[in-house]
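The next part holds the structures, each set out as structure tokens.
Both complexes below contain chain A, partnered by chain B and then by chain C.
Moving on to the complex of A and B:
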């Protein structure tokens, strides 16, 4: 793999796990970890998806800006709508949005060039997130040890977006079926990423899970448009 | 000898599994399921500990988690509650607060000196002569304390977790069990907790010689098992109530923060001791304690007992004891009419004599063992008639004279309580929404009534949450006789009639306290320390209230209760600590610093390199070398921890004019400006650099620790002002590094096509260009006083830029520098750090920031305060200083005081040795009349040494600023 331009907030932490890298949107993504076990993702896997392309925007004109470009805008704050290719549009507040492509999405690549300062009422929000996916049957046990929100009360179909604190870090959380795998998605500021990763993987290890590579967490995923 | 009974139905012990342990060095054997107290009592060991003050022998009192005098130490483990905690194989238990063990405690001599140790004696004694105070302090430190702290004890990780349910039921006695069933049957997700190892509460042990209650418990357990939506958690304490129904549940492993939608408090009541002389002798115990010994641990509490009672429970205890071979000398009933229920007849039928209107005057112990009790008739005034005492030989005395509701959670939830004269206890008068009470805590005692009350509470809670439950009326019968006696207290001229067993407070102590004016319950609590011991007044507060009420001639209701604060029962520190999360943020360059040997320091929530370690070099050398590299060549520092904000919109300039003290509307794109932020009271709270990217787009920095607060404040302000702006906190989205030093331009030139000439990119300008192929924002600023470029790039490409700069600077001797070197460099320039050279009261004029405050603007936050303060003049002024003694060996440090005429006149905010300047320089707050240049002042350094300093102008280095404005 040629030297990628971008690096994940977790690049350093992942490097210690002896990963096999693939490049996604100019950023290395840990496809496999040396100690990946087949059952770990099913039990409790934590996967770095920071490489997925994403944009953020806010302002009174943000919703219209997205709609005008054919993006399905969620009706209510704290909900999300699906994008073709497994992506999501999360309405973080009345006038703020996060758009992230899935494994075969191309919406961000299409939208990003247009998102520049100067559009009236539309303000770009740079997104340099640490983005994770939590998979497996023990996810809720991890969540109840780290966050005071009752995620069991949320159904996947309700498409709820939760902005809360997890072990002291501001996070955005939603439940998603991604490439055939049920998972909880989690975004935080990249600078808090290493601490959150270390904390979550530490607890997950106690529960019999831990860090997993992308190929382990999403065995059916097909990466298109992103490489 | 052993007092272990043959198998008892429902016993908690497993006789097939013996447990070996030692207590004060002697070996014993108990059973799995025993507690240390029950196993020792079974082994006929009755002195389980010593009292706190008088070192009197103490045995079983409650066996309900408040036998504080029998707390033990097990190796490194402190505060082991011997009355309830499970006995473990190989436990090496020792008594605490003794000299020579529980049975042979040499400090028991203090019991004879009690007359010299009245309540509050320590407030008045040992202060004079003053010189002896340290001696007494050492003596008392040696004598007091419960156990020996082992600093080598392993750290036990007790992860906390959150949990959620519809209904939490606290207490799994008959009321709680019925409440849980009712709510569970209505469809609610229920959590039922009980602090005891098994559920059932009094159904398991208050049997009255009958098996009926226990069989009811079996039925209830079966019913619960049929409800998968009811989670039963024994061994779990609901330790407090916090707003919005947050309840910490504490079990052996962890604390769970539970958030139920409704709470039912069915915690029952604490049985209360009677107060009479020697009511603490081993063998004197609460009736419920004797019953717990019988039915939980199959231990015969005594051979012959006197029962002192004032309610039906005492009669049940007498029957229970008799059913297990304990001879009953008599039942002494405080009430004139005795027990109105059929229990009275049953007691008489088995031949137990009942003495109505009788009290216990005193218990008599020989050695450490109860041998007799003296009983007297009680007069109409409640006082004993000592003219006709009867003495009963007995080795046990059980007391059942009343109860105090376990209402701490209700108080904490904001319940209004009243003193009920039909039950002689405090009962809920008004409960907050979503909080319910049932059973004894609700003033309901008869078993059938408790069951119905529980069902009522469970039904009401379910209905409150919207669960569909059939309409049903509940009728709780009033109590036939008060379960508590209003005055179970007997005075005795020789004292030692204890009200508080934790703190060794006897009745006379309360009279003394009241006499000294502490006749309010809160004051009395603090003066006497009643209820302040580890049991938190569970067995003493109610009697203390009764005593104070009688002293003042008012009702207990008028006396009121003390404040019930969470946690209402001690919680292990390990549980409170949990995992001990250490929240921190790392810049995108963290791994680069690691590779360079960074020594980390915490700056707010950030980890920053303090300096970069080098083999064989001390920190001070390295910091000076790093600073020297910046002055002589070029250095690179990660400043990504600065807060970074984007501000968009047509009102962006106007918005900045309001939040900062300077003017921004007229700024040209491509320029930067220093900015100071005040709060409404005019105090300096933050500073940074504002850069204008375009007409409607600003980018500005805040201090490292200020970004979150500033962002929140900006949002708050604009919620009021409603200006057309968009504020984005981009702190984590951008990395930032400062390339500084005379060779900075040469290094940067290798990586960008941007024209770096002074004309094209002058001091304080902003430019956007690629650096090492990465789009960057470059600001020519000079915090460290050299030619410098602050380079801001997207976080995910920061490492690439850092690497490129380090490589490009190789030939020019580039060196990374840390926070320590930066602090020194900026001090040489006299630049202040907000939060270090200012504090929570500093006005801009005091910190020398007058020039940055434009009061000719119509408005900015804090303007009005600044104008008011200016009328009065500053309280202090920040000045630069240098030490007169060059290379002083006793240099002052930050926060050392400036002293004038023996009074504090200021303090040092920053100080450092500057190699560049060859002297110590610093900043200090001094009185306004001490700011004259070259005037001397004194700083009190370590050890009281007075060091002379002199006011000098700042900057200390490059006063004209030529180095940072350097031209090609």
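Moving on to the complex of A and C:
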């Protein structure tokens, strides 16, 4: 792997788990962890996806800016639309959006060069998030212990985006099917990432799950467009 | 657990919110007296009753109004600023 320009907010925490790294969009992504077990992702896996490309934008012209570039804009705040390649466009408020590519998407690479300060009514929002995926049958057990929102009331097809606090950290949460795997996606500010990671993996370990590598959580994913 | 309803994100525990103070009209700094300005900056009404307050949903960064009876600590309604 060539020298990466970016590193995950969880790079230090993951390094203790002896990962095999691959590079995604200029950031090392933990593909496999030394003690990955096949059943862990099915039970309760927590996977770092901070390397996926993403941009944020806000302002009264943000929705039109995205529409003009062929991006499916969610109609309502706190909902999301799917992007080709497994990505998502999340409407975080009336005029704020998060755009993230999936494993085989290239929307962010196409949009990012156009998103510059100075566009009327459109303001870039730096997104240096800690991005996680939670997989497995016990995800709701973890959410119940860490969060005040009843996620069991949400269906994946409703495409709800929830902004709430999880163990005291502001998080954005949505449910999606990514590369054939049902998962909950979770974003928080990168500086809170190590604390959130340590807390969630600690609880997950008590439930029989824990940290997993990307290849374990998403065995069917294709990464060719992002490497 | 006390529940407050964010106009954007719906009912949430009050731990997800921060109190922003009573909504008060700001005097025109160019024309008001020093006494009026000092009163606006430094003094708050502690009289209990139904008040309109600023509240902030921490997770989403949403500022909104809440009409609250401070005697019973009962929120009557919440809404976004126009």
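Worth a mention:
Just so we're on the same page, the second predicted complex is superposed on the first by the 227 of 227 C-alpha atoms of A that agree within 3 Å, B and C clash if a C-alpha of one lies under 4 Å from a C-alpha of the other, contacts with A are read in each partner's own complex, and residues count from 1 in each chain.
Heads up, the rule we're going with is that contacts are C-beta pairs under 8 Å (C-beta built on N, C-alpha and C of every residue); 3 or more make two chains touch, one makes a residue touch a chain.
Keep in mind that what you see is a predicted model, and the values were worked out from it rather than measured.
When the two complexes are overlaid on their common chain A, residue A:222 makes contact with neither chain B nor chain C. When the two complexes are overlaid on their common chain A, residue A:171 makes contact with chain C while staying clear of chain B. Considering which of chain B and chain C touches more of chain A, the answer is B. Shared-chain residue A:148: touches chain B and chain C both.
By the touch criterion defined above, A:76 lies against neither chain B nor chain C after alignment on the C-alpha atoms of chain A.
Legend: residue contacts after superposition of the two complexes on their common chain; A:192 is shown touching chain B, with no touch to chain C. Residue contacts after overlaying the shared chain place A:11 against chain B, while chain C stays out of touching range.
Residue contacts after overlaying the shared chain place A:67 against neither chain B nor chain C. When the two complexes are overlaid on their common chain A, residue A:117 makes contact with chain B while staying clear of chain C.
Judged by the document's definition of touching, chain A residues 148 lie at the interface with chain B and also at the interface with chain C.
For chain C in complex with chain A, the residues that touch the partner chain are 1, 8-9, 12-13, 15-16, 57-62. On the chain B side of its complex with chain A, the touching residues are 159-164, 257, 259, 579, 581-588, 590-591, 594, 606, 640, 646, 648-649, 693-694, 696-697, 726, 728, 730-734, 773-774, 794-797, 799-800. Remark: chain A residues 77-78, 92-94, 148-149, 162-165, 170-171 touch chain C in the complex. Per the touch definition, chain A reaches chain B in the complex via residues 5-9, 11-12, 27, 58-59, 117-118, 123-128, 141, 144-145, 147-148, 150, 152-153, 167-169, 189-195, 199, 203, 206.
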